[in-house]
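Chains: A, B, C, D and E, in written order; residue numbering restarts at 1 for each.
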């Protein structure tokens, strides 16, 4: 029993220089390396190797790298895959080449829906979980009319769509939406449209710096003073840190992990902080978890051969600092609890990186789409 | 709410104002391009990079030297202009005798290298730059909430554009510049050190771009690619205006900014391309541009 | 008389094409010299090479005793050479007075603005209008006037009467006479040698990039026939 | 500006002819054997870009027009092909044909506007128009925004050659490349090419001889666009992808670099230029060092001291001349 | 086509005519009130001091410049708004003041380029260059007629200035034009070439109209039947050489008199 080609190699493919670089970026590579070290550095008697690359959020660059990794560099699994367009592209290649991919960085539910792969897994979070978490919370607070600022690609559409569904199901209305290209710098004219729409909630169906910029500029144009509410549908610790508590306070957001949750998470975070100088968000930790689980599966399957590992991954329960009590659906979705968080006021933050109050824990079953209803044709 | 063509007045005026703000940047940048092109016959593709550098220098001054917005507003253009002067002396100068396309290609390469370097050093995500305290906040104009800083941008860009225009139209140095634009050799025969004039002109153009960059820093993120997105639109502005006159460059900049703002109200899908569409129409009617003279 | 300008074995090229093939000439202080020659023989090129505009050149040019071959173009004016080009070079975006004030004063002895306006009253009337709104004659006057301010020692003129009405030609002749009277040295290219004959002290005849003969104004009558032939008039 | 082809024609020297034929044969052999030694996808990418650069050079090198908008044709064709193959289920050869026709049409439209101005203005106008096309692609439904058109099936060529097999795919790309080069070669060395050359040499004279210069330029522009489109269309089949990268202005810049680096106005220079750039990018793709820094610096160096490009310098060198090459611009 | 239709009728004596031609550059009027009739089978000289507007008139007639006012008629067809390439195809062909050859083409190719269009060999992009070989014979004839046979394979740029002008004339003749406009065809030529070119022009003008700008008055006296004198954009005098050269105003403005 051994690795088929004498090595086990994991590729971390993510955005390391663009608008989503803070989400994961180089720090995620560290998280992956930590996972390998914590696992003992070897599996089935061969060393585990991590390679990484920056895909600049461009699906074509990502595909080229992925192809080359799978074809010529004996990479066994590719992980993280920030941003949905990239993840969809790479998952398609992985499926065709019968290789494993575990997505922790992208959000679209298509990955485990119509684009699902027997060898593809979706690990940290998804748009449905965000819609349920953040969208749901705001609707409950009375935000029953929405206007969306949507990133113009798969992720944005799916986040807007699922939040819309949720809002409508709760009796609310959506009064309009504008789409903006990835990495937009000036949101002012979009914000003016949102402002004059009169919606109670302006839903930011975007991510990363796009969201941060939109929030900052909304403040500049006095949008929150005007009584409208901003919903950052995808926002993590990293962005809160970048934006600062002053500007971010009061935002409601949903993450799959919070470092200050319990002792176990704090211990992990401390180690991570020592290596990267920042506290982990759900994507860093998700990547750690994905690498760990993959190695466990290889170990258990006794081979790095794709079919066997994929089978094991589907069957084996997840239990680590990230995915406590997680299970993997037949569509590849890892189902675990999510946390509804609120950003603290600057005065309430007791230590560096102490940013959130945990408002609620959303059970995995609620947060994620039932695999049977996901539209994935692998689920009978 | 008052409506105009089915559009709330508030939205219309708001977008117009935003168009004017964008127009301020277009005007500053196309002005710099026009000055450089007029004398050096170089289409300065690095103009976007110099705009970005202006913003970055301001950011770096703040981060590493604690120098704030106001001094940066002067310092950054001077620094970038100085860098431009060096580039002109060392490289651009060698290209004057060749097809002007080489100047375009050289500055294109320069832009790539500079932007690449900053992306390498700072990532493409961009750095925040705070609005100076004195200009923070906003004023409620009734139809919209105008951030004071953006109002300042419009005013200061108008002042700088007019100032530059006066410099060129009303001073001795400006006369040299205009004369050299027409016939550099003759001006040199008249004892003017035209090579130095060329250097100064390039520095001035680069400095103007950098100035626009500093102005932009608090509005947008300070990001390595902020200029490359801008420069192509500015090229279109320049084609529409034609390279004939300084005033033409300024006016076209503002007008197209506003046109873009209006499109955002009436047909937002086309807002990104409206300037290019206008360019195509102008080309059909007046190939030399609105203010251009036939080459 | 000392030679103010001395040119020896001057060769010049436009790109690949070799235009001047060893021009030799000298101009004494205070003298007025006219270069004659058919179209395209290199008269303009000679002037442009002496002023330093054409820089692919070989040979020797010395002015007031010092070598000019390595003087940068913008320094020639400061050495005391003033050039009025064939195409006059009036700047259209500059007003008449801006045009006038453009060349720097390089030495004492130049005319003041007032003197110039006195000499060319019609320029004074039009001092605020853009250069190219002037008539051809006015442009030519402006081109000459522009140099007079600077106090140069050698005035180089390329076909100053080209395309001008006879009255204006006459006016320009008078101006040049005045300058001559003040002791200015003048080097002139002229096709209209009847005009030239009234102000020049000496002639050079140019052909194929060389000076083929040289003669004082007195010999003009007996040279008329050869000139007619060579100049194809 | 002359190269292999022209010496063939004037047959100035027999030895030169055989030397060049030798080069050609060796080159061909290398291309045929390459997939046994190199990663086929890399080779296919290289060939696509080489064809793209040659098509671009047809315009810059032989018509004297610097287009800064060729990404439009390359990327546009990629979108058309990808869309028709994926959504309409067209076979690859038809998809490619549609891509080429689409690119030619885009070339006609862009050319119509741009031909009105010359030199730098031409460059700026093509740049602006291609940026307009970029925004169109960004917003149009069928291009699927930032996602691009993904998972384009490679399908079966003429119904029976399985392009999913990378060897088949490679030889198909090679064939397209060779046909493309052949077309360019014929185009340059044709009566039409002769007129193009004379227009570049002296435009007003050509007009005074009764040639409607604008139409000839437009013809060359459309041809160049169509061939650039061919390259893009094939690339979309190879990579099963069409994305915004291919229509972005950086792509237009890249193809200029390839051509400049290889040698403007030489038939095969751009092939070498493309090879170098693609290899460099491949090498740097997984390193952190942004490729644009290098690209930019190479650009500057080329413009400052190396304007003839690799092949141009070689032709102009003593060895090159001895072998019977001529470089004149 | 219109041209041949007209040709089949009685040949008009005036083949090219302009009425009230005017051209402004910015505020400056380079040409005004020019009426001009160029007759078939004759050589017509346009003379005048430098800057008089001769080249500008050429540019207007050949439509390289659009007149600000006035009309131009070529063999009965109004060409005031016809583009220059079309005008050339109608049979009005010009040469340039600065020699206009295709510098990097061979002498033969220079002439062949001109022959391609009338032989419908200019748009084929699918045919090899050898398709042009059938033009060689005609091209060589043309070269021989101007004495350039020896230089057939030279690169045009390598020719002397005078030979370039000769080549330019050969190229122009290749189009078999009805009306030829020659801008200073002999400027900068050696005496030998002047003779050759004068002879060619005279020969050519047997069944064509030639309008030429020329400074060399002995040439004008020799070969031109009509002379038009231009000054500051306006026509100063017109007629045959003898008349014109006696005209007092012409002598003052152009040739110069002892007194002015």
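Keep in mind that, in the parts below, a contact is a pair of C-beta atoms (placed from the backbone, for glycine too) under 8 Å apart; a residue touches a chain by one contact, two chains touch by 3 or more.
Please read all numbers here as calculations on a predicted model, not as lab measurements.
Common neighbours of chain B and chain E under the contact definition above: C, D. In terms of the distance between Cα centroids, chain E is separated most widely from A. The greatest centre-to-centre gap from chain D, using C-alpha centroids, is found for C. Work out the mean CA point of chain C and of chain E, and you get 33 Å between them. One finds 38 Å separating the Cα centroids of chain A and chain B.
Note on chain placement: the centre of chain C and the centre of chain D lie 54 Å apart, centres being C-alpha means.
Multi-chain contact residues, meaning those touching two or more other chains, occur in chain A at positions 16-17. Residue positions of chain C touching 2 or more other chains: 92.
The residues of chain E never reach two or more other chains; the list is empty.
By the definition given earlier, chain contacts exist for A-B, A-D, B-C, B-D, C-E, D-E. Contact residues of chain D toward chain B in the complex are 66, 113, 116-121, 123-125, 127-129, 131-132, 135-136, 138-139, 249, 253, 256-257, 260, 288-300, 302-304, 307.
Only residues 16-22, 56, 178, 183, 185-186, 188-189, 192-193, 195-196, 208-209, 213, 216, 220-222, 225-226, 242 of chain A touch chain B when the two sit together in their complex. Residues 43, 91, 94-95, 98-102, 104-106, 108-117, 119-120, 232-233, 235-236, 238-239, 269, 272-273, 276-277, 279-280, 283-284, 287, 295 of chain B are the ones touching chain D in the complex.
Across the complex, chain A is touched by residues 8, 10-11, 14-15, 18, 21-22, 119, 123-126, 128, 131, 138, 140, 144-145, 147, 149-150, 219-221, 223, 225-226, 229, 261, 264, 268, 271 of chain B.
On chain C, the positions that touch chain B within their shared complex are 51-53, 73-78, 83, 85, 89, 91-94, 98, 101-104, 106, 146, 150.
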